[in-house]
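These notes are about the structure you will find just below.
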Amino acid sequence: MIIDSALYRGGVRIPLACTKEDLRAVRSSTSEPGDFIWVGLHEPDTAELSAVAEAFELHPLAVEDAVNAHQRPKLERYGDGIFLVLKTLWYVDENDAVETGEINLFVGRDFVVSVRHGEGTELHTARLDLEQRTTVLDHGPSAVVYAICDRVVDSYEEVASALEADVDEVEESVFSPSRTQDSRRIYILKRELSEVRRAVNPLREPMKRFATGSVPVISQESAPFFRDVADHVLRVSEAVEALDSLLSTAFDAHLARISVQQNEDMRKISAWVAIAAVGTLVAGIYGMNFEYMPELRWHFGYFGALGVMLVASVVLYRVFKKSGWL
Amino acid sequence: MIIDSALYRGGVRIPLACTKEDLRAVRSSTSEPGDFIWVGLHEPDTAELSAVAEAFELHPLAVEDAVNAHQRPKLERYGDGIFLVLKTLWYVDENDAVETGEINLFVGRDFVVSVRHGEGTELHTARLDLEQRTTVLDHGPSAVVYAICDRVVDSYEEVASALEADVDEVEESVFSPSRTQDSRRIYILKRELSEVRRAVNPLREPMKRFATGSVPVISQESAPFFRDVADHVLRVSEAVEALDSLLSTAFDAHLARISVQQNEDMRKISAWVAIAAVGTLVAGIYGMNFEYMPELRWHFGYFGALGVMLVASVVLYRVFKKSGWL
Amino acid sequence: MIIDSALYRGGVRIPLACTKEDLRAVRSSTSEPGDFIWVGLHEPDTAELSAVAEAFELHPLAVEDAVNAHQRPKLERYGDGIFLVLKTLWYVDENDAVETGEINLFVGRDFVVSVRHGEGTELHTARLDLEQRTTVLDHGPSAVVYAICDRVVDSYEEVASALEADVDEVEESVFSPSRTQDSRRIYILKRELSEVRRAVNPLREPMKRFATGSVPVISQESAPFFRDVADHVLRVSEAVEALDSLLSTAFDAHLARISVQQNEDMRKISAWVAIAAVGTLVAGIYGMNFEYMPELRWHFGYFGALGVMLVASVVLYRVFKKSGWL
Amino acid sequence: MIIDSALYRGGVRIPLACTKEDLRAVRSSTSEPGDFIWVGLHEPDTAELSAVAEAFELHPLAVEDAVNAHQRPKLERYGDGIFLVLKTLWYVDENDAVETGEINLFVGRDFVVSVRHGEGTELHTARLDLEQRTTVLDHGPSAVVYAICDRVVDSYEEVASALEADVDEVEESVFSPSRTQDSRRIYILKRELSEVRRAVNPLREPMKRFATGSVPVISQESAPFFRDVADHVLRVSEAVEALDSLLSTAFDAHLARISVQQNEDMRKISAWVAIAAVGTLVAGIYGMNFEYMPELRWHFGYFGALGVMLVASVVLYRVFKKSGWL
Amino acid sequence: MIIDSALYRGGVRIPLACTKEDLRAVRSSTSEPGDFIWVGLHEPDTAELSAVAEAFELHPLAVEDAVNAHQRPKLERYGDGIFLVLKTLWYVDENDAVETGEINLFVGRDFVVSVRHGEGTELHTARLDLEQRTTVLDHGPSAVVYAICDRVVDSYEEVASALEADVDEVEESVFSPSRTQDSRRIYILKRELSEVRRAVNPLREPMKRFATGSVPVISQESAPFFRDVADHVLRVSEAVEALDSLLSTAFDAHLARISVQQNEDMRKISAWVAIAAVGTLVAGIYGMNFEYMPELRWHFGYFGALGVMLVASVVLYRVFKKSGWL
């Protein structure tokens, strides 16, 4: 579906009626130097994408990539244009999961075609924000690329901090005195981090190249902006590595905790067994059938025996309590 | 065995009768510029391969490599031709194993000789597909290299997703409430991943070089196609790394689960032992032979003792149930 | 808040009255070659920072970074000036935690604007020290950059040695004969080390570049000074890696210790259970109701039985003591 | 000891009488272009080596290295000659160990001096094989270097596959149902792999340099041969890494197995204890001395009690069997 | 303290009376080309070092580094001289520890100033050895640098082989049948290895640079000598890595051993408990008070019961022995 399309001239938006049919008219609307078009598509069908591809002379291989989502993030040059694939990430609170979508950008000297897959990061507000900043819009298509990359990378940071909060919860759970089963949670978090890593890390190189101004359609004057984005990508990437390594340590701590708990359980059990054993032993002794056992004839022998059991139990209980077994 | 051989002229296939004897005739059939020959062999015997080698003046070291399968994937230049070794991979459902085969390509200015070992990825359909795409065929021998690489790398992706499904199963099994023995399964999957890694990773470099058009017989115009292939290789390679690291975490979770289960078993056992011990202690007490034990003479003393045992057991049972030991 | 501002001419400080209003006057006070200004801000509000930015023509993106603390350490060029972000670290004894702050430096040909966030490393004493060293001050703004970097990196070394002391304590605790729960401590230390690593490691590159004199406003003659700083950064970075890896080993040793202790506990318990079991068995035997059991009629049979229990217990006790079970 | 020495002219061997005394005569026997000498030494004493060094003007530092075996594999240039150190490896079946030896090669424009230490890879058959291949011999000294490297690397592959077989055995043992103690075996294999790694990995660089023809005395035409060797070195190196990582996984699986077995043992033990406890409890109950216990007077009370014990045991046995505890 | 100072002219030592006062005279004694001075200091006080620094015009930052030991090993250029920091290592048998010291070298076109801290590697014998080798001395100051580096790196190799012996002991202990507590020993060895790594690894780069002759005061002709040193550094570095990784495996094996031992203990205990339980059950049965229990009236009933206990125990003992539980 074609979501929005406009011509930008001197930092000002000129809306264009745009259906599949009049794409050619749209394409040829850039009459003055500095003009450029931004066509935004959301999960287009093949026909729509073909029409756009034809109007803007997009490379068939890039178009094929844009149809099948599930690409690696990448930056590719085709002739004098570029093709950029970004993964979008968003965090779904209900099931603590990270979902992924995809944005494909075809950028030429005087146009940007953005193709979005999935429900994540939407580009409409990015467009509105950008349209406020006339000086940035003046950079041409690279302003659009910057606005989108910035938005996408901001969402990475949100995801990273949501995961950071999850790791904090796990940490608290691991070191809480109660028995917790954190291994599953840790596993799932590690899987989510791996997902984020696969979205973020391949983006470092393209952003760096934008930041050095060595990519054809990206203007030199927007390089500092991309340097900022590249820096955020790096920060997310480092945060993810740090979280991953923290989770590994947390997992080890969880394992140690299980061992310690088992040890404590075993000692507690053993202490009670010992207390019971002493009683049983005393009972066994006075259950012997010897003819001559003086205590048996004592009037309070029975209560004495019970008393011995009780005293022995209390003494043992105290001993175990003191030595930390109970 | 020579499977198929044909001359391609202007994107059109001209079949060639081809046995070991008339290879020289085949070789000299490329009379017009842009013509090229594709000879396909499947597990050829030494005589056949020697005949082909002689006709196409292949380098003896490369030919030797093509005879003994079990090479590393690699790209080598011999004079103005190249020699490419690809590992083919396929997933055998019966025993969850990844099998490997090999394809050797000798590529010259106007010919491709493909030598296939093992039962995997067959090339016939790749050839048919390619013959439909006249514009691609026009790229000459690099079109054939592309078609084969594309096919092989597609099969890598299939294998990767089969392994991904296996990892999902393992994950489910590890976190299922039942007792599972996943260590063997995880070990085997790790071995398969190692196999895939050894097939895929050495291919990254050659594909990148094809993609930058810096290899002699690979035409500049087919570079974008190889960029696509290189990208898929990278994707598979990253997926394999991610799976491997997930499996390590799953294994750790499996270990933690075993510990937790042992702990639970131990507590359950101990709880029952405690319940039995109380009964035994009561029985022991009333088994003592003191002359003066008032309870012994009570009419319902016996049933009282049984009652005490029962009540103590029920109370203990509840306590253990509540504190999670049972 | 503007903390301090001064003009340095020929290595001598000339104080400048400096509020938000007369920043332009400050800016234009560098009339002689070699003159430079140092304006120091501490957690400025947006208005203050804007005023400074306007007076010194700072790049808006850099200013934005300076407002939001929580940047990665980085060095960026804007036109003919540079923007440097440093993380400050300090160790809080009360809770064994590493706190982080941030210093942003805007450096031009004839000025330095320093913006400090957080309570750590304060710059006032660094300024006083620097003002003593006229020859160093002669290097111009790079002298200020050096003085600050040196101070910050010195604080890194303090933090690193505080952490080293913590690791030593953990090590002692892990190998102490008493039962210790070190996993939490180790986890927290690893998290602190990760924090330090994220502050220190990104600084290696900028310091190296200063040390090679390849950054515009950093003078060649101050390069050896930065070489010194770069070297300290490297040392801290290596110390952190070594500590991290030591902690991992300490954790493993902790795990092994838990296992060994559990084993010892289990054997100790079992030994006592065995001693009790022998007594119970003897008591059981003489509790049997056979009509013909000669010992039962012996006068000292009972005491004999008690003696047997005692002797058996003592013998077992000795055996267990000798074999290390008790 | 001087094992063999010969002059090669036009691909043909001309044997040379060679003792320590007539080395100078040997040296000066290369009268025609393309002539070269190969002197082979096996564990020479210092005098012999000095004589050779003097005759061939070998660099004293290289000679010193050749006397003391136990060098790292390396390639060094001395003037217009090279000095190559190779580790030889062979697998000793008796004790599953990898033994190491060393070959030092001094290569000049028209000579090769090979010095072999240890009993491994012998060079005599390599020499005989080479002498059959006149075209290869025509490459001059590099033919000898190739022949030796090829032989040495072939032996690496043999060692690697012997270790692969060992790893397969370990794997089988780890996953066999019987209790095995594999940790020692795994440890030793890891040590052997580390040995192999230290022999093989430093050789990758020299072989690559030979393969690119960038080493002085190695002729361009023998580069493809070294490419082959370099490829084999890489293959061994990758195989070793894969084995090492498999062993780590196998070790983890071994640990998991031990835990699982302990768990199973514990449950089996507990089940039997429970069965015994029920019998003891029943016996205890009927051992009580209450005056009024109706069952005691029943004629078949005793057998009834025995029956209850038996039935309870059988029922428990079945329950445990069913739930997998026995 | 100034230990020794001498002028070397044409490979011959000319001793110089040298106290703090006549350093300037010493400095100016190099009148002929090729002359150079070597002044050796051991833990100099600030005054001495200042005097030397002044006489030889050493850079203040380098001098500061030489006063405070505890530098990272490094190579720095100051003007046309270099400053080299080496860590010395020695192994103290008493406590199996590696001690560290430091050597600082200031090298100019015609002088070497060596400053040694700590008790390790002394330089006097290195000096005597060097003075024997006139041809090497002819290389000028680089001969001294070589002699010292060679000596220091030799001591690294001694330390490495002492640690290797320690690792062998640990290995033996881990796999010995007796119960050992190796985790502490392994931890300490890992810490020592980390110490060695920090001394050795930063030296690789400087030695490589010396070996390629790309450092100003190091003569081209001494490059092969430094290549030798660089090679030894690499060898030590690789040995340390291999030892570290072996220790990790040994630690894992130690953990596995603890688990196996616990398992064995548990089974042994359980077997004995089972044997005791059977006796107790039999005693319990005949302790029941049924009126009609035929065995109780048998004359040898008691001995029969004892016999049953004994036989059951022996049978169980054999069964457990056979199945490996005892």
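Here the chain labels run A, B, C, D and E in written order, and each chain numbers its own residues starting at 1.
Here, a contact is a pair of C-beta atoms (placed from the backbone, for glycine too) under 8 Å apart; a residue touches a chain by one contact, two chains touch by 3 or more.
Just so we're on the same page, UniProt names per chain: A, B, C, D, E = Magnesium transport protein CorA.
Keep in mind that what you see is a predicted model, and the values were worked out from it rather than measured.
If you take chain A and chain C together, no chain is in touch with both.
Fitting chain B to chain C on C-alpha positions gives a rotation angle of 145 degrees, to the nearest 5.
Chain D and chain E, compared by their mean Cα positions, are separated by 26 Å.
Centres computed as Cα averages put chain C at a distance of 42 Å from chain D. Counting partners per residue, chain B has 255, 259, 262, 266, 273, 280, 284, 287-289, 293 as the residues that reach two or more other chains.
Taken as a contact graph, the chains are arranged in a single closed ring, with each chain touching exactly two others. Traversing the ring of touching chains from chain A and stepping first to chain C, the chains occur in the order A, C, E, D, B. Partner chain B is touched in their complex by these residues of chain D: 171, 174-175, 224-225, 227-228, 231, 234-235, 238, 242, 245-246, 249-250, 252-253, 255-257, 259-260, 262-263, 266-267, 270, 273-274, 277-278, 280-281, 284-285, 287-293, 324. Remark: chain A residues 59, 61, 65, 71-72, 74, 76, 78, 179, 181, 183-184, 186-187, 190-191, 194, 197-198, 251, 254-255, 258-259, 261-262, 265-266, 269, 272-273, 276, 279-280, 283-284, 286-289, 293, 295-302, 305-306, 309 touch chain B in the complex.
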